[in-house]
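Same chain, two partners: subunit A is paired with subunit B first, then with subunit C.
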Partner chain A sequence: MQTINLAADCDQAFMDAVARESGQDLKSCYQCGNCTAGCAYSQDYDIPVHQIMRLVQLGQKERVLSCRSIWLCATCQACTTRCPNNIEVATVMDVLRHMARRAGKAPERLVKSFTDGFLASVARHGRVFEAGLAAVFALKSGKPLQDAGLGPAMLTRGKLAFLPHQPGGRGKEEVAEIFARFENRTDAAPAKKTGEDAQ
Partner chain B sequence: MRIGVMVCHCGNNIAATVDVEAVAAAAREFPDVVYATDHMYACSDPGQKTLEQTIRDLKLDGVVVASCSPRMHELTFRRAVERAGLNRYMFEMANIREHVAWISLDRKRNTQKATDLVRMAVEKLRVDRPLTAKSFDVQKRVLIVGGGVAGIQAALDCADGGLDVVLVERKSSIGGIMSKLDKTFPTVDCSVCVLGPKMVDAGQNPRITLHMLSEVEEVSGYVGNFEVKVRKHTTYVDWTKCTGCGACEEKCPSRKVPDAFNENVSLTTAIGIPFPQATPKRATINAEHCLRLTKGKCGVCEKICPTGAIDYDLKDEVVTEKVGAIIAATGLNLFDHRKCGEYGAGRYPDVVTSLAYERMLSASGPTAGHIKRPSDGAEPKTVVFIACVGSRDRSLGRPYCSNFCCMYTAKQAILTRDHIPDSKAYVFYMDIRANGKGYEEFVRRAQEEYGVEYVRGRVAQVYPKDGKLIVRGTDTLLGQQVEVPADLVVLAVGVEAAKGAPELAEKLRISYDAYGFFMESHPKLRPVETNTVGVFLAGACQGPKDIPASVAQASAAAGKVLALLSKDKLESDPQIAQVATNRCIGCGKCERTCPFGAIRMRELRDGSKRAEVVETVCQGCGICSVTCPVRAIQLQHFTDSQLLAEVNALCRIWDETTES
Partner chain C sequence: MKATLGYYPGCSQSGTAAEYDISTRACCKALGIGLTDVPDWTCCGSTPAHTVDHHLSGALAARNLLQAEAAGLDRVATPCPSCLAALKTADARLADETYRAEVERLLGRPGPGPVECVSVLQVLYEQVGAGGIQKHVKRPLAGLRVAPYYGCIMNRPPGLMLFDDPENPVAMDEILAACGATIVDFPFKTECCGAAFGMPRLDMLQRLSARILDMAQSCGADCVVVACPLCQMNLDLRRGQVNAASGQDIRMPVPYFTQLLGLALGLPEADLRLDKLVLPLAPALEAAHLREQACERAREAGHAAKTTGGKPDGAPAKEDASCA
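Let's look at the complex of A and B:
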């Protein structure tokens, strides 16, 4: 493992940006590990969440933004709930995912494909069209038949329709307005939890 | 009048941002000032000598020192002034350090403000009058609130020094938390064996009066002459007759009373003695569970008692104690573990607090010293300890370290391995704080000699599975989730202030922090004093503390009390309210507003009334002075004319600077 030069390799601008965009006091993390202890996806992470917090504290931008964990986080908020220092850890993970996306990094390509496809579907129909999304995702993933086995079960339970549902009333227009508002937003840095990657 | 001024550099503290020489030069132009100088350290011996010499040489009538806060050195300079033959109140202090030098870097404006403050001080000094302290008698008795190890130690030390002691304890026996412990760290000696002799001493010492099941209801008076009302809750047993034989306890039919002394791990009877070493060893009836008191039936204990001590009609009693000093030693409460739902505390019987576990380890405890799981009575083979439950946790409003949990956890882990040699013990911790004498070695012994597994990380959840409790945490050193299937989980619960601590603080007129711990007068140099003269602190009421620290502080508080009450008379502060009887209209407003009850209405021969200040009770707060509609009450050394002299000086400066 490489030696980190704590002075030279520390990206202060990155640390400030994470703190600003997440609104969290990152210095208050004392590395108790409770976020990792409660994390439901830790077994799939390349870096456990408490170490991501540590890397952010040390300004290790490259390692954080290119890790897989931030894309695998399910935003279940167990880490946020458990944190003894009131840090919204899940929000920090969310902000990091946004930053990675802006930096053109997405090591978990399928997560990005799925969210992009989901958003496109909502933009088009006013709500998600499951069958269409499934088809698009199956093609993009390069493994078109991997989830095919689920199809019949979902069909018989009425979970897959052949035509998109339309939201009632002005629903479709209202959703379109949300997208338009996001497209025409004036602030440079997108606020967290906008539709950019639909988390 | 001849006034001298000394402006202090305080090394660089003041001189770095204030031109002290310019301040001294400006002071020479002020009315009545015949001498002004600057000095590197006015408080130093040469500084004081210069001051004294100048007073004598130039026959000064008063002195102004411009330096630090009067809270630091007012007394130093008053004494110096007195040594040079002046009255100690012919002295004024201008605070140009905390109020000027430390709060701004603007040298020019700092110098101006320092000059202004000196001018105000000079103007006040011109109308100051000599004051003389009066002396008053003191009660050579001390009241100690709380009969834990700190209260007991303070009581024994005070009694040893010849004072009469009144010890007020909320429970029916003294001993506090220490009497519940099985062993103490780092020596692993029997807790009640070392505490027992002290409890016996306190119970038998003729100088010590014990008020059991009692609470302080009201405190009035002042240092040397406090008057404390103590409510003695009824025990329903005449303790002058009770011999502590325990016959009542054996026959009591109400046998399902949660045993508070055993941390509710077991059940006890409605009448009884909490533990074998209880002092005084007397029976008490728990009114909530007594069949005779709740339902009017039963009366078995009354029939069985060989000395006829039971009396269901006994009532609470309020006694008044006159004492010269008070020591607060109210100890601590433990964090309510049920707030940690993720650990199943309160839901799973095999998740217990550290103090409950301590009772399970104790030979006089509910399991006679055999560790048994509360759920099925089986001997646990895997015990997991979770540290920092309710400590260092901002989300629970407990950001502070509870000081001694690391150590008792190591002790309990060692005892577990001692009691059950084929058991495994795990400790989930964040940091090990073992900074006492022999403490670090003790924790190392737990790991190296006793094979206790220390895991660095917090625990996120405890859940039952296949008859075990799965403890899911992290090993941050590995960077991995870990879990332990446990038979018993012990939560190292943190410390909080004793129940009712803020209320007692209000009665004693002492300060307490945001968590209810009592505030010492100075964190380093006055650790056992409070801001109320005559009230002292001992033990964990001031902050989380282990036994050695509590005992040390108790002895320190006793030393302070003994020094205070070694004098036959105390001097009263002459800076108190004074009534101009010819002006007073007898409206009585001052009497009603005085927070200390220091004002009485006196009837004259013609039947009219006048206010009168009880000099020893008055604390010099000045509320009466601003309340009086005819300005008949003046606070000495802070009279209207003295304060107006300062205000006028300030206004003149304002006029001068705005005109130019």
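Let's look at the complex of A and C:
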């Protein structure tokens, strides 16, 4: 059990930022626990989602942005669907993940690596190049053989394209331009700046 | 005011889920729904984009809405729930001026006006309907027991998706019932399969996908029917990994609902591409055929002597209802 010093650690600016970026009325959460009850990932979380909501209400920035849970949320929307106060809980989790990225935190390194790899593939090809993404991830993840067994089934069923499926017109360039403008933003968490996203 | 229906295939449907795209196009054609591809479409951003930044996800999706708008398509259908969520979310958020301004900066041009985005499932359910589909059925899926699995986001969050029930959706149930299939009462219709965690956290995916397959088996289903390429990949392609973790050996196939619909409509294999499924559908169809024959015999025996109440050979008692 951890002790929280509410007087010393309460970060009002953090609470305001989460409310503003998510567009949600965080005060209306009264800790019914419906979100946690319906969350498929509760057993993988280090902090259950209703407690994350409470910690945000208490301005506990460091604890919230350092937790694993925000990286393991699949945005399945069960929490948002079942919240009796109509809080978009999944949107709050999304915003916390954005903030953790900007703060340079990623305790679930492989989740971040997969996301970055996916977006790097889109930035490069305009569409996701599935085989390329899988190959790059396999090399970077440190478990290169995890999905090797899927290869034969994919090959025999023509599911493994060795060349990217690219848009025919200006689409590829336009998507690259979107990423370039995004990365030039001052507060952006760029998809390409870190070494692990260079592909 | 009949709008031209745009079609956004999505990346998966151009690769690992090609059979979903092929069977979707074939079913729509057979049922008289014209689809016009969004020209030069690009990735919607899917889950990875929104987990990084909401303006980035908005811009990636909005580029496709602009493409649709330029082609005169004010209504766009997509088979993939993740694409649908990305397109609908962008369309909804663009109503906010501050949000729109930043998305337009990323786009480098004015953003799109409102575009109505719908799932192919919704189009089939609302435009053709179960009754309309039933009239086109040439090969009923008689005896086939199906567990309709909608996945997380086809209907959620309800305020955004605005289609069917978020906890107990029925559109796919009714379409498959119209095809002659028997719908099992499946309580995990909207439970998460592990989503895109297959590569980074396979352990979570194994646990969640195993749960869904185990439930479908407990419900006596011959197959789990899906409407999402990621659900399909997790439950079918990753079956070996899922079975290895759960210690089970579940062989149940996982076809797309459009493949079963196409089968019932009498479409040829080239339009269904059942050969692309990792777990073959044939054993399930064979089981359904045998069950149907047994039911037929039971019905005949019932006519001959109502008091004997003979149970069909090899069919569990709980399946008697499908013989009615």
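Here is the rule we go by: the second predicted complex is superposed on the first by the 174 of 199 C-alpha atoms of A that agree within 3 Å, B and C clash if a C-alpha of one lies under 4 Å from a C-alpha of the other, contacts with A are read in each partner's own complex, and residues count from 1 in each chain.
Going forward, a contact is a pair of C-beta atoms (placed from the backbone, for glycine too) under 8 Å apart; a residue touches a chain by one contact, two chains touch by 3 or more.
Everything quoted here is computed from the prediction, not taken from an experiment.
A.B. asks: Clash or fit: what happens to subunit B and subunit C when subunit A is overlaid?
C.D. replies: Superposition result for subunit B and subunit C: fit.
A.B. asks: Check the residue A:Phe14 against both partner chains and state whether it touches subunit B (first), subunit C (second), both, or neither.
C.D. replies: So A:Phe14 meets neither subunit B nor subunit C here.
A.B. asks: For A:Ala37, select first, second, both or neither according to whether it touches subunit B, subunit C, the two together, or no partner.
C.D. replies: A:Ala37 sits against subunit B, while subunit C stays out of touch.
A.B. asks: On the A-aligned overlay, A:Pro48 touches which partner chain: subunit B = first, subunit C = second, or both, or neither?
C.D. replies: After superposition on chain A, A:Pro48 lies in contact with subunit B alone.
A.B. asks: Counting touched residues of subunit A, say whether subunit B or subunit C comes out ahead.
C.D. replies: Higher number of touched subunit A residues: C.
A.B. asks: With the two structures laid over each other on chain A, which partner does A:Ala78 touch: subunit B (first), subunit C (second), both, or neither?
C.D. replies: So A:Ala78 meets both subunit B and subunit C here.
A.B. asks: Between subunit B (first) and subunit C (second), which does A:Ser28 come into contact with in this model arrangement: first, second, both, or neither?
C.D. replies: In the superposed model, A:Ser28 contacts subunit B only, not subunit C.
A.B. asks: Is A:Gly171 touching anything from subunit B or subunit C once the two structures are fitted on A? First, second, both or neither.
C.D. replies: Once the two structures are laid over each other on A, A:Gly171 reaches subunit C alone.
A.B. asks: Subunit B to subunit C: minimum CA distance in the overlay, Å?
C.D. replies: Closest C-alpha pair between subunit B and subunit C: 5 Å.
A.B. asks: Would you mind listing the overlap between the subunit B footprint and the subunit C footprint on subunit A?
C.D. replies: The answer is residues 78 of subunit A.
A.B. asks: Spell out the residues on subunit C that touch subunit A in their complex, using ranges where they run on.
C.D. replies: 11-12, 14-16, 18, 39-43, 45-56, 59-60, 63, 67, 105-108, 152-153, 156-158, 166-167, 190-192, 194-202, 204, 208, 237-238, 240-241, 275-278
A.B. asks: With touch defined as at the start, can you tell me which subunit B residues reach subunit A in the complex?
C.D. replies: 342, 388, 392-396, 430, 456-461, 472-476, 479-481
A.B. asks: Quick check: in the complex, which residue numbers of subunit A touch subunit B?
C.D. replies: For subunit A paired with subunit B, touching residues are 28, 30-34, 36-39, 42-43, 47-48, 50-51, 78, 82-86.
A.B. asks: Can you check the complex and tell me which residues of subunit A touch subunit C?
C.D. replies: 21, 40-41, 44, 72, 74-78, 80-81, 88, 90, 94-95, 97-98, 101, 108, 110-111, 113-115, 118-119, 122, 126-128, 130-131, 134, 137, 141, 146-147, 149-150, 153-154, 157-159, 161, 165, 167-172, 174-175, 177-179, 181-182, 188-189, 191
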